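Everything on this sheet refers to the single structure shown next.
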Amino acid sequence: MNTTRRKLVTIVTEAVLEKELVSVMERFRVTGYTVTDARGRGSHGVRDAGWELGANIRVEIVCTEDVAGNLVEHLKENYYRDYAMIVFIGEIEVVRPEKF
Amino acid sequence: MNTTRRKLVTIVTEAVLEKELVSVMERFRVTGYTVTDARGRGSHGVRDAGWELGANIRVEIVCTEDVAGNLVEHLKENYYRDYAMIVFIGEIEVVRPEKF
Amino acid sequence: MNTTRRKLVTIVTEAVLEKELVSVMERFRVTGYTVTDARGRGSHGVRDAGWELGANIRVEIVCTEDVAGNLVEHLKENYYRDYAMIVFIGEIEVVRPEKF
Amino acid sequence: MSIDPVILFFLLGLAAGMLRSELRLPPAVYEFLTVVLLLSIGLKGGVELAQQSLLRLLPEIVAVIGLGVALTLIAYPLLRGVGRFPRPDAASIAAHYGSVSVGTYAVALAYLTSLGVDFEEHIALFLVVLEMPAIVVGVALAKGISRDVRWRRLFHEIFLGKSLVLLTGGLLIGWAAGPQGVASIEGLFFGLFKGVLALFLLEMGLLAAAQMAGLRRYGLFLIGFGVVMPLIGAAIGAALGWALALSVGGTALLATLAGSASYIAVPAAMRLTVPESDPTLSLAASLGVTFPFNVFFGIPLYLAMAQSLHGSLR
Amino acid sequence: MSIDPVILFFLLGLAAGMLRSELRLPPAVYEFLTVVLLLSIGLKGGVELAQQSLLRLLPEIVAVIGLGVALTLIAYPLLRGVGRFPRPDAASIAAHYGSVSVGTYAVALAYLTSLGVDFEEHIALFLVVLEMPAIVVGVALAKGISRDVRWRRLFHEIFLGKSLVLLTGGLLIGWAAGPQGVASIEGLFFGLFKGVLALFLLEMGLLAAAQMAGLRRYGLFLIGFGVVMPLIGAAIGAALGWALALSVGGTALLATLAGSASYIAVPAAMRLTVPESDPTLSLAASLGVTFPFNVFFGIPLYLAMAQSLHGSLR
Amino acid sequence: MSIDPVILFFLLGLAAGMLRSELRLPPAVYEFLTVVLLLSIGLKGGVELAQQSLLRLLPEIVAVIGLGVALTLIAYPLLRGVGRFPRPDAASIAAHYGSVSVGTYAVALAYLTSLGVDFEEHIALFLVVLEMPAIVVGVALAKGISRDVRWRRLFHEIFLGKSLVLLTGGLLIGWAAGPQGVASIEGLFFGLFKGVLALFLLEMGLLAAAQMAGLRRYGLFLIGFGVVMPLIGAAIGAALGWALALSVGGTALLATLAGSASYIAVPAAMRLTVPESDPTLSLAASLGVTFPFNVFFGIPLYLAMAQSLHGSLR
């Protein structure tokens, strides 16, 4: 099977940011994203409340290395200071490179 | 700590396929799978509705390279055309290789 | 963009263990963790019930190789025998190494 | 007479959806409302059935199955010939219109009740009966009969799907427990019926608005079909109701069923069995056009149909 | 007399589960129903308590704690000796049967109410009291007392678990607010009680069916135990109720509590404290056998027990 | 008079939260309760509005908008000057107190109803009107007007947020359907009101307890502010109610609104628009201090304020 390398960017952050992140991702021309509800703990304390303000989301984006770099740069500049957020990047392989 | 390499296959697709994918995975003799509910956007548009038809699932399978190859091949042949679906493969390490 | 390698430890296990795992992770000085609800199948059979006893959670921890090793060792010793649980470790990159 | 508030809830949902409000009911709540509605409708129908001879209903049931088949077979050539849809899409959309919508039925129930029009509660049984035949016909139209359709899985999917199980279960429980038995659970299932329906329609409004976005992509034909096909279906349904000697209310309900389009059971079955059909087409028509049309205009019209049929011909 | 519809809902769930239907209530809905049931039962009991001297209840409470301990100690040798289960499994299953099931209690409440049999509402207090002792005894049986049990964590787990907090909270609120105070929230907590119970039992049927699958793997002993142990428990419970001079209804309720097996608090506590015991065993017995047995046959039997005790001995 | 059980439910939640119980309502249930409360309040208010001339209300609405602006402008210098908070935090907290809390309003409604005190139901309209002005003022205080605030997005966020849409929708539906129309959905929206409020307050207690943990980190000032600011607000609100010639009950409700602090709409808007402000500060004050203070002490006090104003000055 022929596969191609891509990056998987995972963002865990405040649920209240979901709509805003969606528009950020559209601006960075990602071809798609996947969101799940999450809870957790980090430097901003425990975030596991049943309401939006205290809840987290986990966003995954499959994309090229370039897009990943730009996206993470943008998140770092604009959100790292004021929001509960972590971002990490993994290597993955996909079958349809043209899709990502 | 002794670890062994395995593949992590992640599938994001339509919730309506869950039962069918379970039986596919059984046929391919995966030793297990994990499912979470998800939403997202891709070439089939935004999928974030509260009902099954518009919702996504995210399926993870830890398996050997062979099983991963066969499984992805099967998904590509049978589902890529007609369904909202992405698949990607990552490298991971496990402690109990006999389990996967 | 400057990135640093870290480990991503993923645990899929019984929901009833959540509180206990949180205190385990605190003991191992992880800087944070992320939890999502999950269902699945493995050697302990299908786990997809609507109530805590039959449900799974999926825990992710970004940490250094050392912490990852110790944590997995501890889980193996204390939980592998009696609980439905899998653990796998992946490679990822992060922007703020001091955070993990 | 003032407008029924449940319809206003639908309007509120539609408006909020079209204005892209953040309003959304959690999926679990939507499912809860659906479960209560399905059981309420089943229970009410079952209590009535207890007072009927099932044998007498057999011919009605056969006729109603025929109705479902006929509606699908009428819709298909329209979609294929006039709408120029590919075969799988035409078959799938036709199946949606040959089947029924519980939400529409519930609104019709509420409408007749608020007007004080009597009807045969056992029509809930037809709701059960009408869900399935259109799916079978639709799949056969899309695939042929001999081909690689996994019919067993399909029948499992249909007969053990949530809506059929809850409706049938409600019917059987109502039938076995009878009016006195059911009295103890009336508070939830009957007392809250219209409130639950109101919340349900709020969410339906949001869903319908989301489907309307899809409509813009698929042109005028689908809008026209989504209005005309219910009228054809309802006319046939009303005629059948009259022929079966149903009351005016019963005739209006059967017309409503015939004029309604599925948005739960059929799309799920089609997604699995005819995956090459585009689900946005059928949902845009059934949820984006036909459901709102029936809620606002169709149901009163179908009652008028039933009244004039009964007035002029008896 | 017609059959109680709440039992039919349980049957519907069982049937749907065994036929592998897709019917499923969302977890959030199941939790909601549980919360409402627990609070309803607590509130009702609390209102009654307000009219009682708590001192007078003290001996009853002590006796009921003894009942929980005794039942666990009776079940354990049966499981170990006859069933040949390993020590942790025998201890865990015994704890399930020494403790109680809120769902069974709710069905018994509904049953007595529908027959017009009076009872002491404050028996809800025994529901609270009976949850805990069996867990402590079970853990001690499995691990011994001195060993590495984290008793503090266990007590926290038990006393601050959801079911104890809601039951106790309901009792206290009912007690503090009294009948007039509670009147304003009757609509939700009392008016909908049986409807909520019906939906709850629908889900219980699905859960029970899922556990029955597990039964096939574990042979006949577990089925026999799941029927006989409730009978033993109920007989002892009925005798105690009679000795405490409870009414016929109260005696039947205490028998029901004694004859019921936990499927929430105990399995969760055992999972954390005696993880080497197999949870599928205890749940197969308590949910797959005993719960259905009690719902269909046990509860009427326990009432008959109570009646004959009171009839023949007074 | 016995204590209102809904307040006991809040206490139960507080206690369970502070004891770190595992009790938790699923998010979907909490949302469901919120939706029902918002619609109930809106519907009731709307039915009343139907009997009023909207023109007569216009001056009241303008005055109430002024109230929201004034409260924010009073709170800001207190927080900045006395509390020594940085500008964004002071602005954000001030906006919370210039806006309103639906939960507090609902408790006040229940309180007045249980005492038999009459009030103008259309005060629900002020609930809608008061949500927004404080947000705009707060953002302007934090950022200035000219700066890079994305006002469009902010207005979209506010006007199409869940609470405003449901309250306004309920008002419009109640207004359009009138008392007879609404009668058919009374079961859910009015009959269950206090039961739903009870469950809602149970969860609020858990949330408040969680915020109190945050309080320990932020010292005494926030506690003091969380008690004093509601008193200032309520005094001004009561005076305005009196000046607008509201009834005693209406005056108490307007005082309650003025004395309450937002914990839904404002924090969400601030999080997006003034992210540099710390959300734990404002929630600790509004949920951890002011909400409990109002529920236990504030509301009876505000009624007393209203009574003495009306008694001494008329």
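Think of it as A, B, C, D, E and F in the order they're written, each chain with its own count starting at 1.
Just so it is clear, a contact is a pair of C-beta atoms (placed from the backbone, for glycine too) under 8 Å apart; a residue touches a chain by one contact, two chains touch by 3 or more.
No experiment lies behind these values; they were computed from the predicted model shown.
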{"item": "Both-way neighbours, i.e. chains that touch chain D and touch chain C", "value": "B, E"}
{"item": "Any chain in contact with chain A as well as chain D", "value": "B, F"}
{"item": "Pair of chains joined by more contacts [C-beta pairs], E-F or C-E", "value": "E-F"}
{"item": "Between chain E and chain B, distance of the C-alpha-averaged centres to the nearest whole Å", "value": "40"}
{"item": "Centroid spacing, where centroids are CA-atom means, of chain B and chain F in whole angstrom", "value": "46"}
{"item": "Length of the line joining the C-alpha centres of chain B and chain D, rounded to whole Å", "value": "34"}
{"item": "Touching two or more other chains - residues of chain A", "value": "36-37, 90-91"}
{"item": "Junction residues of chain E, two or more chains touched", "value": "22, 24-29, 32, 191-192"}
{"item": "All touching chain pairs, where touch follows the definition stated at the start", "value": "A-B, A-C, A-F, B-C, B-D, C-E, D-E, D-F, E-F"}
{"item": "Interfacial residue positions of chain B with respect to chain C in the complex", "value": "1, 3, 6, 8, 22, 31-37, 62, 90-96, 99-100"}
{"item": "Interface residues, chain D side, partner chain F - complex", "value": "2-6, 8-9, 12, 16, 19-29, 32, 110, 114, 191-196, 198-199"}
{"item": "Interface residues, chain A side, partner chain C - complex", "value": "10, 12, 36-43, 48, 56, 58, 69, 72-73, 76, 80, 86-91"}
{"item": "Interface residues, chain F side, partner chain D - complex", "value": "26-29, 31-32, 35-36, 39, 43, 156-157, 160-162, 165-166, 169, 172-173, 176-178, 180-182, 184-189, 191-192"}
{"item": "In the complex with chain A, residue positions of chain F that touch it", "value": "24-27, 30, 203, 207, 210, 264, 267-268, 271-272, 275-276, 279-280, 283"}
